[in-house]
Amino acid sequence: LSDERDAFRYVHRVRFDEVDAAGIAYFARFFSWCHDAMASMLGQLEGGYRGLLAERRLGLPAVHVEADFASPLRFDDEVHITTVVERLGASSAAFLFRLDRTADGARVATIRHIHVLTDLASLRAVPLTDELRAVLGRHMSGGTS
Amino acid sequence: LSDERDAFRYVHRVRFDEVDAAGIAYFARFFSWCHDAMASMLGQLEGGYRGLLAERRLGLPAVHVEADFASPLRFDDEVHITTVVERLGASSAAFLFRLDRTADGARVATIRHIHVLTDLASLRAVPLTDELRAVLGRHMSGGTS
Amino acid sequence: LSDERDAFRYVHRVRFDEVDAAGIAYFARFFSWCHDAMASMLGQLEGGYRGLLAERRLGLPAVHVEADFASPLRFDDEVHITTVVERLGASSAAFLFRLDRTADGARVATIRHIHVLTDLASLRAVPLTDELRAVLGRHMSGGTS
Amino acid sequence: LSDERDAFRYVHRVRFDEVDAAGIAYFARFFSWCHDAMASMLGQLEGGYRGLLAERRLGLPAVHVEADFASPLRFDDEVHITTVVERLGASSAAFLFRLDRTADGARVATIRHIHVLTDLASLRAVPLTDELRAVLGRHMSGGTS
């Protein structure tokens, strides 16, 4: 990424119960951290992500996920998650998350998610709201807001 | 328990991601297994526990939990959970869960939960329904059905 | 897949705590279920997956994951996971998991994992053992055992 | 508690995947938050809790847990966890955790844990180390440091 000015930053420290029977952070947890980063970004919505869910009954289920894991993490390791929005579609948003270990700056994982704005009653896709488009647009790679 | 005829039986095998940074099954997971045993018992309701939640909008949040942990578990250990209902109140049910390792019969934990039937919209306690009372009554210690 | 004779079959029922704030099964859980299916397949090893981890100090961290989510799941939904091994490398194995809802046969998700046999002390890749190659080979797409 | 000067303070915000099929924070998660508060307190050890586990091969499994749940939590609610050490035994430490919702100060839960210092190889209790006794002693109710 040539331009990181607009990236969203989030920090996670590996919890005691996120380690698996092999003694390293369980791979599926990484997706939760990325989702937490997205939820934190959506805190910029009026009423937050919580308001979107509880009041407007809209959610953002994942429809596609890709991940490359470069380096394992141990209990209590801290990671920086740098998030950019790569694309906005009619109903969808594509996120790129880069995870780096704070201690040594090593790349830990590169993860992509596509989420679709969805009516939680009908479970059908709905167009991105203007406010959501504005908040996500602030964090587009290259900068577009 | 002098009389186990009416106990409800449930089996769990420790999953790969239930082990913590100390290399043993994480203590908070045990409560999930007990809750899963209760949910399985409630499968005897017409429409299941799912119907209670989704259609009647009633749930059974825990209001009290006690646990004694006697022996740690490793990845892939199998436990038998023997559940009895100890008491039924106006809105509440008290459960006793005994967890034993299948391989050697060792007592792993003794856990008690009190759950209260709750309207999920108002989050207020409501009286146990007749059907719930009947299903839980089948598994009372001493046998009452 | 034209040939499913050698696929490995595993069943999961969505647990009460696998549902998220949007009321559907949390997307990151799907990866755990696939990992559980792989762990179950590795139960065919002498000593099981547990023996590989505890005695030989070898593990199978994921290095790459891809997922397409087609249909959401609710609490208590049952899914069938059909697993085939797509490729075996020097140290790696590529798995394809297809998740179908039991009730209506709907495709729920298609997930791919690449896992690498790893020395858990040094965290370096090691060649697949003959026994691991044999067990995984039994479930190759097309059938190769 | 008449004296809170020495209590250890920790904050948690309910994550998206900590909500259950009833739409409230899953009860078993509360124990993880308390454990995270304890782990954070043990960050005062030289090398942290991580050093205790990885280098000294000592852990602190729970042997007893008690909880009263007073008020449910929703996604994104913030709780303050106030922790005091109630008793130190030869090998054990008794913790009291009070959880209060930040928004309105409501008591959410009162939880007690007893943890035992344990050799992770033999899984036997060992006497509390002097350093552990000193760190825990700083947070005793009544104030002892």
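For reference, chains read A, B, C and D in written order, and residue numbers begin at 1 within each chain.
Following the convention adopted for this analysis, a residue touches a chain if its C-beta (ideal position, glycine included) is under 8 Å from a C-beta of that chain, and two chains touch if they have at least 3 such contacts.
Small disclaimer: the values here were computed from a predicted structure and weren't measured.
S.K.: Regarding the chain A and chain D pair, does the interface count as same (over half of residue numbers shared) or different (under half shared)?
M.R.: Same residues, largely: of all residue numbers at this interface, over half are found in both copies.
S.K.: State the pair with the higher C-beta contact count; candidates are B-D and B-C.
M.R.: More C-beta contacts join the chains of B-D.
S.K.: Approximately how many whole Å separate the CA-defined centres of chain A and chain B?
M.R.: For chain A versus chain B, the centre distance works out to 34 Å.
S.K.: Determine the centre-to-centre distance between chain B and chain C, using the mean Cα coordinates as centres, and give it in whole Å.
M.R.: Measuring from centre to centre gives 29 Å for this pair.
S.K.: Suppose each chain is reduced to the average of its Cα coordinates; what separation in Å results between chain B and chain D?
M.R.: Centre-to-centre distance between chain B and chain D: 24 Å.
S.K.: If a residue has to touch 2 or more other chains to count, which residues of chain C qualify?
M.R.: 16-17, 21-23, 26, 28, 32, 35, 50, 53, 75
S.K.: In their shared complex, at which residues does chain B touch chain A?
M.R.: 16-17, 19-23, 26, 28, 74-75
S.K.: Which bits of chain B are touching chain C when the two form their complex?
M.R.: 15-17, 32, 35-36, 39, 48-50, 53-54, 74-76
S.K.: Using the touch definition up top, name the residues of chain A that touch chain C in the complex.
M.R.: 21-24, 26-29, 31-32, 35, 50, 53, 59-69, 72, 118, 120, 123
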